[in-house]
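In what follows, a structure is listed as structure tokens, so that the remarks can point back to it.
All chains are identified by letter, namely A, B, C, D and E, in their written order; residue positions are counted from 1 within each chain.
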Amino acid sequence: MASEMANSTSQIVELNVGGVGYTTTIQTLTKEPESYLGQVFRGKIAQIKDSKGRYFIDRDGVLFRYILDYLRNQKIILPESFAERDRLRAEAEFYKLETLAKALIPLKATSADELTSSLTPLGITSKAPGYVMLGYRGTFAFGRDGLADVKFRKLSRILVSGRVTLCREIFGETLNESRDPDRGMTDRYSSRFFLKHSYIEQAFDMLQEAGFSCVASCGSGTASIGPNDLKPGMDSEENRWNHYNEFVFVRN
Amino acid sequence: MASEMANSTSQIVELNVGGVGYTTTIQTLTKEPESYLGQVFRGKIAQIKDSKGRYFIDRDGVLFRYILDYLRNQKIILPESFAERDRLRAEAEFYKLETLAKALIPLKATSADELTSSLTPLGITSKAPGYVMLGYRGTFAFGRDGLADVKFRKLSRILVSGRVTLCREIFGETLNESRDPDRGMTDRYSSRFFLKHSYIEQAFDMLQEAGFSCVASCGSGTASIGPNDLKPGMDSEENRWNHYNEFVFVRN
Amino acid sequence: MASEMANSTSQIVELNVGGVGYTTTIQTLTKEPESYLGQVFRGKIAQIKDSKGRYFIDRDGVLFRYILDYLRNQKIILPESFAERDRLRAEAEFYKLETLAKALIPLKATSADELTSSLTPLGITSKAPGYVMLGYRGTFAFGRDGLADVKFRKLSRILVSGRVTLCREIFGETLNESRDPDRGMTDRYSSRFFLKHSYIEQAFDMLQEAGFSCVASCGSGTASIGPNDLKPGMDSEENRWNHYNEFVFVRN
Amino acid sequence: MASEMANSTSQIVELNVGGVGYTTTIQTLTKEPESYLGQVFRGKIAQIKDSKGRYFIDRDGVLFRYILDYLRNQKIILPESFAERDRLRAEAEFYKLETLAKALIPLKATSADELTSSLTPLGITSKAPGYVMLGYRGTFAFGRDGLADVKFRKLSRILVSGRVTLCREIFGETLNESRDPDRGMTDRYSSRFFLKHSYIEQAFDMLQEAGFSCVASCGSGTASIGPNDLKPGMDSEENRWNHYNEFVFVRN
Amino acid sequence: MASEMANSTSQIVELNVGGVGYTTTIQTLTKEPESYLGQVFRGKIAQIKDSKGRYFIDRDGVLFRYILDYLRNQKIILPESFAERDRLRAEAEFYKLETLAKALIPLKATSADELTSSLTPLGITSKAPGYVMLGYRGTFAFGRDGLADVKFRKLSRILVSGRVTLCREIFGETLNESRDPDRGMTDRYSSRFFLKHSYIEQAFDMLQEAGFSCVASCGSGTASIGPNDLKPGMDSEENRWNHYNEFVFVRN
């Protein structure tokens, strides 16, 4: 059915990696010529065969799946909850795949530039880990008489705190830095950012899109205010229902 | 036992996908004629065989399970906590299965129409991710004398906030939008929706059915009210036990 | 060592299901005579063999493990966090195993009867999903002088709310429905149930036994009470420490 | 290299369990002589072989890994988050391994004795499931003038509540039962235990060591106290910051 | 292509470990000469072969992957959420790999020295488990008139509590121990540590880097203060919004 002229079967290579069989091609294996596999399959390093004639590599057979994927595509997409990142880096080091090994080093969100440069060449989808907190001081919108039945959540400002580079990456143009302007310091934290809008679920959605999850939250009400302290124009019901809710987000 | 006349063994195809063996039929492989596999098995693209005579494909052997499932059924049902969605999309792109690749792009819940159209052709069960919050202002129902022993949770209104399209998808007819009616804007957030009933567990169950999980919650009481501020008809015990509880739900 | 007279080797059947090998017997495969496999192995449907003489089935090879288990035992026990329920239902439909396919449809806890009847024939351990909330209004037991050092948690009543059928299934005889008696409605919610005992951890344990997990909780204190409002016999310390804690449980 | 005189190759047994191959020895398979495998390999039950001469067993091939492990070691250590306990019990019952089957029945923490006896023979590491709650009434240590800058968390007593047998298993000698002494009842709950020390993280660590996880928590402040109610020697700042925090732990 | 002179094929060893095939070399298997495998492959212990001529070992075939990895690298990196640590230790004991077995014993964070010495030789990445809590007493920064619109979270001190060795490992130089100085006791807990900075997200990030996760949190407000108790210079709005938020972190 399919004609077999274009490629030669001799280009197919069968591997026995620690007992797990893989099949691939010379082209794939030599894509990084100076890597261990590149040297082996350009004839620079001798390699023994097993009893079935497969090239034998004395390394973990399971993780080789990702090594091979990286060679095929020159980029790597890891499973979303990949649990063997450190193990894979050790394999990448053995195979002398430096770009891959470097890309598997856990990132720190020090500066946006550094982040970009360590991500781009390989296309690894991993991002710098860290915590970010959102908080809001809220109450409810009451009707004129203080007892009307329509009372929605009312919040004036969404507070953002955390590492500056993370906050910028997540919220971009919607982040208001006017109260804590950049003075050229890198790797700094702030608790003085807020958002330009007041939809907290929109902020949550942006955190989600950036790979963060909500892991905890805490709420607290306020102490009462004496009747003499009530400023003109303040609604006493709104005052009573004041609360501060704080949400903890993390990216692993 | 089973007669073997209806189909010919020659229709069976053995594949070696990166070292993992699969067995399927020509019919399955050519269901999408213009895909990579469709072209190979209609004889348009040459394909090499491995030493056992299996057609060799230099791609990830594990994810091919889902590629094959898609070809067999012309739809795809992913495991519930599938962790290789991005990796599978890369495979779908390699195999030129455009409908599949497109269906694996993370969705945004922009409008109900768009949602529908991107889901229907393939039957992928994935839904747009996002956060929705429910809150209620509650207290307890007290007996006449303020100390009777039967005091149930009493709540007047379940507040809903989040992306409008998500809220509508989840709560359907039970969502009251009268305080924030649609003015034709798409992709908007609201914190002015509420539900037509007051059973918060029913609301939770609808969120669960829509694939959302509760990940956090916060509670707060109220500040006290002066004795002079107690409106006629208000029960002072009910007043004291007022609280606002807020629940965070997310769909990934 | 073991004599080989009782059964004939010819009863063993080797299968190639999408590339994964299984071995079983004719007896197992024909247990449901009208199913797809029953028809194949009673000679009613022709089936092709692969190059090794194994009967070939063009379906997912991994999920077939559970199909075979179901045929062997006429019941199915799924792994506790089984993530491919929808995928398995699609396979059951292909194999015309109607009882299995029906048992994999997500349940709704509408009525106890319906629940029972859909579970019994197959013995599938899955239960109806849903949310249930427990709440308690508590304070502490103080000594006579209000400052004694032994102060335990004191709570008078555990409030239960959620779908009526779920509450009954979980708490059975320990549920007090006297404040919201059954009037023959099905599929209804209540927030007026309470428990006959006051050990909240016992209630948690019953939820756990029923397959529920605690996923969130919120606490709130009370607003202060004027000194004139303190009823005779009320301890002012107990009053101050009043709080309402609410716990969210879910079954997936 | 290794001499091959001590054992005979004929003792090796190759098995085909539902299509998955295993290799083991007669000694291992006959360790429990009256079990199904013991009877088969002592020649009491006839067993058929597959086309490769392997003894064929028409059962799940994956779970057999643990059956074999149990036979080799006469004890079983399950993976920490093993999700197929019910399925494995069904297999143990088929193989007539009663001790194993019994050890896989979900435990109830009824009494310490019963717990011990059902665990010891097999060495299964599973423990009785259940919920335990810790709570503390805390505030902060203030300086003399009420405004000094060093204010640590100050808590007088860690309250423990839950099933008595669980509390004892977890906290052992550090549990103070003086306020709810044992009166010979088994299977009882208490909310009157406290700890002999006041390091809540130490209590958390003991819960962790016993296999419990923290899954929820709630906090609440107190209502204010009238100035006339402030007892002599009470610090008004300490009074204001009083709070009750409660932590929910579970073992699955 | 690759020359085959450097190593001899005879050095390759094929193993059948409980039915799972592995391929490795004599050099790898004899790296620890006194281990079980070291003795077998130096000819000191006789070993039988299976029907395919592979050396047969009657042990679990899946966990052998990590045994082999350890022998290859003389260190072991486990998957991040490895669930078979106890099972692997039992295997290590069977193979007489004492360093490996010892490294798999669950650690206790008793002293920094002990921690270091048990980790270094093998390079196992596991760390001592335990709970640490962070708390802060916070409010908001208000403008002069108490109503200005810019109000950020304001917190004076981040309180740290937990096992002393854990706190030091996590926070290093940023931990202030001046209020609870070391008096030579090991294995002690403290709730009197605080941090030298006041960025709570930075503290969270350090916990994350040390392998801790946030699993719960609780918030509480304060009771009101009488107007006469307001000290000169205290802002009444700041006073009202006082709250204490506490965050629970754990490492498993």
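Throughout what follows, a contact is a pair of C-beta atoms (placed from the backbone, for glycine too) under 8 Å apart; a residue touches a chain by one contact, two chains touch by 3 or more.
On a predicted model such as this, the values are computed, not experimentally measured, just so you know.
Student: Once the Cα atoms of subunit B and subunit D are superposed, what angle does the rotation have, between 0 and 180 degrees and to the nearest 5?
Tutor: A turn of 145 degrees brings the C-alpha atoms of subunit B onto subunit D.
Student: Report the chain pair from A-E, A-C or B-D that duplicates the D-E interface, where duplication means over half of the contact pairs agree by residue number.
Tutor: Match found for D-E within A-E, A-C or B-D: A-E.
Student: Quick check: how many Å separate the C-alpha centres of subunit C and subunit E?
Tutor: Here the centre of subunit E sits 33 Å away from the centre of subunit C.
Student: Report the inter-centroid distance (CA atoms only) between subunit B and subunit C in whole Å.
Tutor: 20
Student: Residue numbers in subunit C touching 2 or more other chains?
Tutor: 215-225, 240, 242, 244, 246
Student: Draw the chains as points, connect those that touch, then say whether the picture is a line, ring, star, complete or other.
Tutor: Here the contact pattern is complete, since every chain touches every other one.
Student: Across the complex, what residues on subunit C touch subunit A?
Tutor: Going through subunit C, the ones touching subunit A are 218, 220-221, 223-224.
Student: Under the touch definition given earlier, write down the residues of subunit B that touch subunit D in their complex.
Tutor: Per the touch definition, subunit B meets subunit D at residues 219, 221, 224, 240.
Student: Considering the complex alone, what residue numbers of subunit B touch subunit A?
Tutor: On the subunit B side, the touching residues are 16, 18-19, 26, 40-43, 45-51, 55-56, 58-62, 83-87, 90, 129-133, 135, 137, 156-157, 159, 161-163, 179, 189, 191-192, 194, 215-226, 228-229, 231, 242, 244, 246, 248, 250, 252.
Student: Which stretch or stretches of subunit A touch subunit B in the complex?
Tutor: Where subunit A meets subunit B, its residues are 1-9, 11-12, 14-15, 20-25, 28, 65, 68-69, 72-73, 77-82, 125, 140, 146-147, 149-153, 155, 199-202, 204-205, 208-209, 213-225, 227, 236, 239-247.
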